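Before any comments, here is the structure.
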Amino acid sequence: MALAREHAPPAGGARPLLAVEALTKTYPGGARALDGVSFTVARPEVIAVIGTSGAGKSTLIRCINRLVEPTSGRVFLGETDIVSLAPGELRRARRRIGMIFQEFNLVDRLTVMENLLSGRLGSVGFFASWLRRYPPRDVANAFAMLERVGLAGLHDSRADALSGGQRQRVGIGRALMQNPDLLLVDEPTASLDPKTARQIMRLIGALAQERATPALVNIHDVALAQGFADRVIGLKAGALVFDGPSAALTPEVLTSIYGAEDWSRTIRKADEDEAGA
Amino acid sequence: MSTGAAQRHPEVWRRHSPRETVVRWLWIAAVAFVSAWSVSALDIEWIFFKDAHVQAADLAGRMWPPRWSYAPTIIAPLIETIHIATLGTAIAVIFSIPLAFLSARNTTANGFTWAVGRGILVASRSVNTVIWGLLFVAIFGPGPIAGIAAVAARSVGFLAKLVAEAIEEADRGPIEAIESTGASTGQVYLIGILPQVMPVLIGTTVYRWDINVRESSVLGFVGAGGIGLHLYASINQFAWQQVLVVLLAILAVVIASEAVSAWIRGRIS
Amino acid sequence: MSAAHPSAWRPPPFFGTRGRQNLVLLAAIAYLVWSVSTLDIDAKRALAGFGRAADLFIRMIPPDFGRWELLLRGMTESLQMAFAATLAGVVLSIPLGIAAAKNLAPRPVYLAARGLIVVGRTFHEVIIAIFFVKLFGFGPVAGLLTLALSSTIFLAKMLAEDIENVRVGPIEAVRATGAGFLQVVVYSVVPQVLTRSVGTAIYRLDANVRHSTVVGIVGAGGIGQTLSASFSRYDYDFAAAILLGIIALVALGEWFSDWVRRRLR
């Protein structure tokens, strides 16, 4: 499943695709959600971020595109330090980062097409988006995207008429319409049934590989993380406690992330899934 | 055995604790005091009430039968009444959308703009349509323009308040998603928030239109156009049979508009 | 890959088909043309209005609070009208509300009560006020009666709806204990409607404060009468003071009503 392994690391000396340096977030009231987290992403790979609820997974990815303002630390997307950007520059940087959400976060009363095209908002002006006048190339790309995520023909359906799995496919399409340099994925499967969850994870993995885009995926299902990610980052109480290939997830590592528990069944299940997939 | 039970359990039960009882009596006393003060201070001459029913019966008698020949004269003013309500509501909708975004806590620019928005809301809503009419007649002179302006001035606050509440309660998720695409603030409002509050905007607009038809029926009293002018004139000429025709016409128009409004709102939800 | 896909897309029309969408749009434009043309709007006079608005605004500033005694008297009268009318409305709405409740009243009584409510709700307070002025002369009594009548009708309608929505279970349960009719009402109907009714009454008090500012336009007392007089005397700086007073009074009334209703829950 090591999808992106064949990609060569970037030429020597160049910045990594993403570098997170000593990222810290303290919420008003003193709760410390992130505590000096650092890691780099050098090649397009799927990275699972695991940890208990409240370990800071969601805060981590929201600090990367600054939906949550980090307290200190730096985030480099290529050459750009996102933390230091002024609002206008931040909007331009966000266009390079696609985001996929647990609750899909589609605009329910708009059509599938409008939701997909909202991924292009950064490239059109206010009145064009009001009149829904998107460049022909974007429209054609949106139709192609709809086919790629398996929703061909549903462009005029309203978002709230779709099933959960279909809604998440639209969410994935919207993020990829941005042609992002990085995908941030927040618990993409937590609102889905186990079978749909696997299909969605497979789709995210395949698209990330096709487009050579690194993806940072928050996920609480260890078996899914092991099955679909190349690399795993473990967070505990806001601190990074593990960073390594998913094959290196041993019961000891899981205990260090989640606390003591019988992990043999979880890991074996992941192995079986792998054989079945 | 039974004596034992009585000792373990209290024999007296009161629904309210002593403190609750005091508070309740204080409220009742306050209401009684305010009522007594209000009624006594108004200097009501109870003598008037003795023959009120006779006078009312006399008035009703003079109204009957309705002078139907007057009906054709009031068709144009009736249509004007509806026009005033419709155009006033339409103008109010246009202005209420930016005002709603200005006065919703999560979309306003800063504390100052929020205070400005709230200030406009309160002023618009506190002044009755008819009083707005008085003001606009002084500006535009008598006629339907003053009426339209009055309806719009009163409705804009009504609509904006409810839409602003809907904006504050809008689902954060889609807003966050649109923000994360790098959209501008205007685009986030347009694509992320406006579709979410659209049902509220349409529902309240139709509801307000129905109220405005009723309000427009009296704008003529202050010279702001519509059927009210004919009603006022007929009353002042003691042409009671004409008055009845006008009242019946207003009854029909208001009930019809209420039915239309209820039908549209029923179809939306 | 994208060459195979259409490069144009329009959102689906709001009114079903595109033809119907255009029809609605056309109808809206036709309505606009028709309404504006029949209103015989004098464009010159309308434009002159904007200049006059500026003039009026200048004459309103600064608001003249010099005659504050007159202002205070008018506002107090409005408040008194509102309080007394709410009280009368609450008392009178109980029999009318019960009569208009489908599940309690016999059918002819129900129909008569509902008819009264429909007709009464149709007419604007100002129309009702002018009749009371004809019957009882100028002054706050006419205003009080107007507000009392419209409050009665409003509260009766709300009470009737609350009674109709009462759950049947508790009534049966109390009846099953062998309680009499009044006991049934006191123990099963009243507890279910009381809190809501008190909330409605407080809301109506707030509404009456608003309406008390307007019935004075036709001489039915209160601050509206003072305002109307100041407008007819072109006394605009005093009118501005009255308007500010009304805004403060109404805002205060709304705040009080919200506060009490929040505590009731």
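By letter and in written order, the chains are A, B and C; residue numbering begins at 1 in each of them.
The rule is simple: a contact is a pair of C-beta atoms (placed from the backbone, for glycine too) under 8 Å apart; a residue touches a chain by one contact, two chains touch by 3 or more.
Quick caveat: nothing in here was measured; it's all calculated off a predicted structure.
Contact topology of the protein chains: fully connected, every pair of chains touching.
Here B-C and A-B are compared, and the pair linked by more C-beta contacts is B-C. Here the CA centre of chain A is 52 Å from the CA centre of chain C. Mean C-alpha position of chain B lies 5 Å from that of chain C.
Computed centre separation for the pair chain A/chain B is 48 angstrom, with centres defined by C-alpha atoms. Those residues of chain A in touch with two or more other chains are numbered 114. Within the complex formed with chain C, the residues of chain A that make contact are 111, 113-114, 132, 134, 136-137, 139-144, 147, 155-156. Taken in their complex, chain C has these residues touching chain B: 31, 35-36, 38-39, 41-42, 45-46, 49, 52-53, 56, 76-77, 79-81, 83-84, 87, 118-119, 122-124, 126-127, 130-131, 134-137, 140-141, 144, 210-211, 213-214, 217-218, 224, 227-228, 231, 236, 243, 246-247, 249-251. Looking at the complex, you find that chain B touches chain C at residues 31, 34-35, 37-39, 41-45, 48, 52, 55-56, 59, 76, 79-80, 83, 86-87, 122-123, 125-128, 130-131, 134-135, 138-141, 143-145, 214-215, 217-218, 221-222, 225, 228, 231-232, 235, 247, 250-251, 254-255. Of all residues in chain A, only 65, 67, 91-99, 101, 103-110, 114, 118-122, 126, 129-130, 171, 174, 178, 184 touch chain B in the complex they form.
Contact residues of chain B toward chain A in the complex are 173-174, 176-184, 186-187, 190-192, 195-196, 198-199.
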